Amino acid sequence: MTDADAPRRFTHEATVRYAETDQMGVAHHANFLLYLEDARTGMLRAHGLPYGELERRGVGLPVRHVEIRYRTPAFYEDVLLVHVWIEKYRSASMTFRYQIEREDEGGGSTPIASATVELACVDLSSRRPQVFPSDLVEFLERHAGK
Amino acid sequence: MTDADAPRRFTHEATVRYAETDQMGVAHHANFLLYLEDARTGMLRAHGLPYGELERRGVGLPVRHVEIRYRTPAFYEDVLLVHVWIEKYRSASMTFRYQIEREDEGGGSTPIASATVELACVDLSSRRPQVFPSDLVEFLERHAGK
Amino acid sequence: MTDADAPRRFTHEATVRYAETDQMGVAHHANFLLYLEDARTGMLRAHGLPYGELERRGVGLPVRHVEIRYRTPAFYEDVLLVHVWIEKYRSASMTFRYQIEREDEGGGSTPIASATVELACVDLSSRRPQVFPSDLVEFLERHAGK
Amino acid sequence: MTDADAPRRFTHEATVRYAETDQMGVAHHANFLLYLEDARTGMLRAHGLPYGELERRGVGLPVRHVEIRYRTPAFYEDVLLVHVWIEKYRSASMTFRYQIEREDEGGGSTPIASATVELACVDLSSRRPQVFPSDLVEFLERHAGK
């Protein structure tokens, strides 16, 4: 990312729970999908669009595709920074991009994982695709850059 | 339990998933609540009352109370036998009792945990208590014994 | 609890994740065990005893018993206050007591659940019981009251 | 897949647990990673190589990359067929490919998701890459086709 992206991205802090570790002594890989979900819904909430409210209005954002690369294991009690931004979007789908890192004591950081998640927009009563409502379009325009 | 209870109990087989282990190298204690849930819904299904169907009829069975004692750790790939039966019931609540054990190679078994789970009966549209429908009453009468 | 207990208790904030909800539209009951775990390990960390560090010293605190009463459902994005304190302890076991509540907009609060969790102290290499190390005894004495 | 692939693939049956549903009324997307894990470890076990045994020998197979496309939602109590086979492998990494489907009552089936998972081979004591042991190489040769 360039500096120009910085204002458009959101950072969520995820602390690895004990229950999220596995017998290899690391955060089990499936839990990263929860960190990604928490980051993008945190981003929506920070924009004034809590996802729970969207669902109450009948708008659902189900996950259609996930791609994630695990670089370095994360450990119990690690505080992970989950950076998220909009990579692209169309009228009824959007793709979030993520970088997960762990801050080191010395001031640097270790890359933990990178990912993309594509969501569709559906009408919850019919589960059929629908175009994004106007406030979500505004969210996308603001965060996706020109 | 006595032999007289045997016909009234149901046994569910739970295999410990890798994702269910934690860094202590054992099945994390919270997952046992999933084994208990799978056992009692398996018992309902075996009786011809899949819990999903109850919900589609507007009947919910939320958990009100859990008490569980952990005796011996369970490990990855362990096959656990979860025995479940009805301990007691009233018009709108029921209590399941459980014994979880692991069969040993020599033919004996190791007690892993024991538990009770109390469920209420609610109307899903209002979330208010309601008495059990007649087919659930029949299930309770058959499994609880005199 | 009385006011005299207040200084000895610790409060952890748990936000209900989307992945923690179930099709009944509430936080699934098994996840409460994670909130309890996060609260007691948060309490240990606040006292300068991160649980991960205890394990690196070979000290494990496995769960032996859980008892939990669910009073009111918790929903997606709810911020729950998990109050925890030491109910009692012996040389190699301790019991945490919990109250979980949700703050209402009007300034009051709704009781969500209450629980106790008993932990043993074990030597991780042998999985055998051992007495608490001195810094854990100090933690217990400070938090358990006279 | 062609018929020629059929003998080389393994099919795992996954039943959607209640705890795996979310408030959208479907199996939460993160749980699919557990179905994939259960399928590939089931395949290893069927070949006489239980993954737990590999770990006891100091061989770990951590996940390096996941790519998953969700096509149709899965529901509570659905029985999913998770077909898995080896897509490719090198000396210290292998890629599993998956098709998840649900059998319909009429005899057909609905595609639920497709995925690939790449695993590395590591020495568990050092967490460093190592080449596959000979029995894993034999497993790969047998399942990956010519």
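Order of writing sets the chain letters: A, B, C and D. Residues in each chain are counted from 1.
Convention: a residue touches a chain if its C-beta (ideal position, glycine included) is under 8 Å from a C-beta of that chain, and two chains touch if they have at least 3 such contacts.
Here the structure is a predicted model, which is why all the values come from computation and not from measurement.
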item: Centroid-based (C-alpha) most distant chain relative to subunit B; value: A
item: Comparison of A-D and A-C (more C-beta pairs in contact); value: A-D
item: Euclidean distance of C-alpha centroids - subunit A vs subunit B, Å; value: 35
item: Whole-Å gap separating subunit A and subunit C, where each centre is the average of the chain's CA atoms; value: 28
item: Where subunit A and subunit D are represented by their mean Cα positions, the distance between them in whole Å; value: 24
item: Interface hub residues of subunit B, defined as touching at least two other chains; value: 18-19, 23-24, 26, 30, 33-34, 37, 76
item: Subunit C-facing residues of subunit D, complex; value: 18-19, 21-26, 28, 30, 76
item: Touching residues on subunit A, where the partner in the complex is subunit D; value: 23-24, 26, 29-31, 33-34, 37, 55, 60, 62-70, 73, 124, 127
item: Touch list for subunit B against partner subunit D, complex; value: 17-19, 33-34, 37-38, 41, 45, 50-52, 75-77
